[in-house]
Amino acid sequence: METQESSSKELKLSTNIKDNMNYINSMFNNCPDIIRKKVIIADSKEGYFIYPKALINIDVLQRDFIKPILAMSLEELYDDDLVNKLSLSEAGYRYELNTIVSEITDGNIVFIFDGSNKAISYNLRTFESRPITEPVVEKNNRGPHEGFVETLDINISILRRKIKNHRLKFRNMKVGAASNNQVAIGYIEGIANPKLIDDLYEKIISIDTDGLISLGPLEQLMKDNQYSPFPLYIATERPDKVMAGLFEGQLVILLDGSPVVLLAPVSFFAFFQALDDYTSNWLFGTFSRIMRLVAGVIAVFLPAIYIMITSYHYYVVPLNLLIPLAESRAKVPFPPIVEALLMEFTIEMIRESAVRLPTYIGGSVGIVGGLVIGQAAVQAQLVSSLFVIIVAVTAIASYLIPSHDMGTALRVIRFVLMILAAGFGICGVTFFISLLFAHLVKMESLGQPYFQPMVPTKLKELKDTIIRVPTIFLKQRPDIAKPLDRIRGKNK
Amino acid sequence: MKNKNAISSNQLIFFTVASQVGVGIIFLPAQLAEIAGHDGWISVLIAGILFSFFILIVAAFMNRYKKKSIVEINRLLYGTYLGSIINVCLAAYTIIFSAAILRMMVEAMQLMGLKYTPRIVLTVFLIIPSIYTINGGLKVICRYLHITVFIGVILAIYIVLILGRIRPTYLMPLGEAGAKSIFNGVWTSIFAFLGIELIPFIYCEVNDKNHVVKKVLIGNLISIIIYISVVISTTGLFGEEMIKNLQIPLLSLARVCYSNIFERLDLYFVTTWVMAMGCVLRCYLFSGYYGAINAFNIKTRKWVVALIIIVLVCVISLEPREFIYLKERTKALGWIGFSVIVFYIFSYILSFINKRGVSR
Amino acid sequence: MKKIISLILLVMFSTTSAGCWDQKIYEKIGFDLQVGIEPTSDGALLITRSMPVIGKGALSDMDIIKIKGGLLRETRDKARLRSPKSAEGGKVQQILISRSLAEKGIHELLEVFEREFINPVLAYVVIVDGSPYELIETSHKFIDKPIPPFYINELLRNGIKGGAVPECRIFNYDINYFDPGIDPMLPIIKISGDGKEIEIAGSALFSQDKMVGKVTTAETSLLRLMSNRLKKGSTVFYLEGDGEKIKKGAAVSYQLKSHQLKVSTDNNKPVVTIKFSLNCILEEYKWGSIENPEEKERYEKLFSKELKDRCNKVLKYTQEVNSDPLGIGDIVRAKENSYWKSVDWSKAYKDVQFNIEPTIRIVRSGVIK
């Protein structure tokens, strides 16, 4: 196996067109979308244009590539500088057969001709792409309404449009043995830490898989912490968020075929930040941030506290709530944990179904779920009315979290906590808090502690985590990405 | 592979405070009230100052051998054979201490309402977060110990809530107990300040060793402040007569707190206190594990050592079946811990005679 | 790894089984909201427990169970034999003790509340003039009042705020009991004369453990004021020449501005000087009460004198019954320790000489003169 691979690596183009075409035809048999156009060039020699039909612009191909080639004489074709004499924007010579094959699948046009051991490869990739719209899951009030699309080149162009700086660099690599997906790491040179870039590059290069259907598998295959429910990188579709991240020295991972990109390294608190915090004034930003963190706590702890109180620690209930709660619980035939799991599963099912349903039904599912099921459940005395409120508040609180990954993580651990609270009461909740805290401080996003700036405590960073101080005080870049240049702006 | 045990000297403050405060605070005010009446806080202050001196000596001792852990130093000072025996004794000490802490955590949980849950279940349950934290190395443990700040804030809230009800006359007249009683109280307070005997275990992992003394002294000072606040507030609230009857004065203090919305605030206190005890447990467990690894130079399959230690700790913690023996046990542990510190002082003096391994 | 699996199995079994060791399912619990204790004729205790009735189909809202027994815990177990809900003491709001029992000593009765973690030490301890069982039974039939536990709670809470009721939670009582220099004080309640309300009838003075005397609510607020445990309140001063008027007295509301309590010994007898000043607001008297500053000072002097007389009267009474609610003994122990050690305070208290020096300042008199 190995000898065959090395021999194909060194398989150079021969000057005989028939040998070359035999190889190419054997590689591309049963690929009707790869066109092999035969042309007769000067001196009745044969040449072939090989290209994938739907990936290129046929007009430009015929006009600017095929026509001039057909008009050239043989000396002109054998000229070493031929590539530079053609009106092609991005072309080069290739000498190996397998390079030609991979470039054709990439979307290039390759021209080989009899008598030459060179092939001209021309990048004319043009394909249909989704127009640039606002991402559905990340909306905001006052920022731009642009989002990334599936094509890597267009995404890079969006970033280039926003950051008009030569120091915006991209490092390309291919991942996937069968699919050869293009992955790019974007960073701003001079701010981003080269060591982090190298670490990330090593991580991605070492991925061994067939192909990446989306960014999710890429994130999970980076082997940072596979058993944790918490996301280690922020997945976003918004270019403005990427721009802000790049200015702080973070790295962006773009995958060809995915409108979602990853930002690394990030801290736990970054998942609770949204763009609106920065576009509005600092008081509202602080207020929203605190509200989100509180919502995160509520989303995890509230049902479990209910279960804990009604199963073990009845004496914690305030006096005025004592009898109404007992009245509403007395009508329910199930113990608290069963009631809780029942309602929570129903809500999760409504949530999942809202994602799967076609859009025109999706809206009404919310109404159906909320009104009918909640109200009917109470009237049928399957759940207590207090618990319906708790479930509703929990659901709303979990929607407040800007990052979808973090939201799902919190949903999962909420169930674990409910079961622990039902089994062990306050002991279970304590166990959970200890374990969760130990887990969060143990995790590292690209080598940087996950739970900073709380632990390890970095007092200067706290001004942009739970609160958002006025922009005047945000002159320094945060420490998480270990940027080389700590101060924003030009006037140092 | 980064060293997952490297810590900075700032994190050593957390280590010191966390390993001292947590277990000592439980019985301390009641024991002091029995011995020294309302002047117990003076005993605590004296014990704290005494321990500051111990810290200076122990730090000087460790400074003579840079980058070596206590287990290696023992082998150098006392010879391989005797040194190994001493290392085993030290490891056994940490295991017994961890077992006592684990037992007290289980007792606290059972006191709170989980009366009929079998103790073995609670023991296994409560040790799991500690195992997970230790798995991450000393760095993760010290990061986890930041939770002591949160615990300290909650403790401060409780004390502030009852501040209005403290009668200063309960603490007067000053010195009524007499020097002899106060001196006896110092011996009782020794158990409260134990924790610094773990510093030599982890000393070699600290990055900037020249700040160690300062930071550990700061940690000790914070412990002194916490202990004195607790002793003064419980004695000032309950009076020395009543506090003699209370098993765990701090818990009774929490039971006395009430607010308009939550009515009873004692449940949350017990939760935070179990977490505080968990911090101490992590410090001792890790020291035992780390000491055992280094003592027998184990490089592979470290998890076997960890498993043995955990099983030993769980089994030993089940042993005193009745609560009242546990109190006696803590007194004995106080003496054993003190003798460990005396052993360090003795080793320090010995290191001037036997200079093997001393770095200049 | 194995540990995790076994733990998961453990947790799964425990949650799906009928009750995981210590579960106390909320709606199956009968919350004892009130506990009444009185003696029976044959020397046992008669304990009354009242719990709210949950669930439809019940005509009454309180379930009152009366049981005879030697210990509170014993009667709780017996109550579980009768009530459909499992009686639990975690939410007890008041402990009602009959007066006859209080005169014998109540310290040991409250011990179970301190001992068990679930029981609250925040429950109010109240002395009942009469039988607690009858009080609970009668008050539960009131149609225009909330159910008795809430009703008495509100009475006590407002009373403590206003000054008429001393701080009487279990821990207040226990702390005061254990301290040799201070005696507890608990409120007394009873059914009012016309049988339609519960009334706070004053406070009971204790000497260590036993009830020895009774003071009115006005005197209670004076005692609290003198021991710096009351920040604001209101009172009525009766003046001369009020006899023929329709309205008698001047009502003021006051705020304690400063307070000083000094203890010294003179001829081997303790001398206590209490100086306090009140900022008063005149609330109801007559038209044209205070026309000019001299009038104001005249009234201030009159009020001060009356206040001083009242304070002396109540302190003399406490000395007669040998109860020290102000905590003078504690202060003597702290400040004059050698004297304290040389006497038996229960005998020395009646020799204390009190110098009360109240100062009243009428700050405002409202909208009219």
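Which chain is which? They are A, B and C, in the order written, and residues in each are numbered from 1.
By definition in this document, a contact is a pair of C-beta atoms (placed from the backbone, for glycine too) under 8 Å apart; a residue touches a chain by one contact, two chains touch by 3 or more.
This is a predicted model, so every value here is computed, not measured.
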Chain at maximum distance from subunit B, centres defined as averaged CA atoms: A
Innermost chain, where centres are averages of C-alpha coordinates: B
Separation of subunit B from subunit C, taking each centre as the mean of its C-alpha atoms, in whole Å: 42
Whole-Å separation of chain centres (CA-atom averages), subunit A against subunit B: 46
Centroid distance [mean C-alpha coordinates] between subunit C and subunit A, Å: 65
Set of subunit B residues in contact with two or more other chains: 112-114, 117, 125, 128, 263-264
Multi-partner residues of subunit C (at least 2 other chains): 10, 20, 22, 118, 120
Multi-partner residues of subunit A (each touching 2 or more other chains): 312, 315, 319, 424-425
Subunit C contact footprint on subunit A (complex, rising order): 309-312, 314-315, 317, 319, 322-323, 325-327, 329-332, 335-337, 419-420, 422-425
Residue numbers on subunit A that touch subunit B, as the complex places them: 312-313, 315-316, 318-319, 424-427, 429-431, 433-435, 437-439, 441-442, 449, 451, 454-457
Subunit B-facing residues of subunit C, complex: 3-4, 7, 10, 20-22, 114, 117-118, 120-122, 171, 174-175, 178-180, 327, 330-331, 333-335, 337
Subunit B to subunit A touching residues, read off their complex: 11, 109, 112-114, 117, 122, 125-126, 128-129, 132-133, 136, 140, 143-144, 146-147, 261-264, 267, 270-271, 274-275, 278
Contact set on subunit C toward subunit A in their complex: 10-11, 14-15, 20, 22-27, 29, 31, 52, 54-56, 88, 90-91, 93, 118, 120, 150, 153
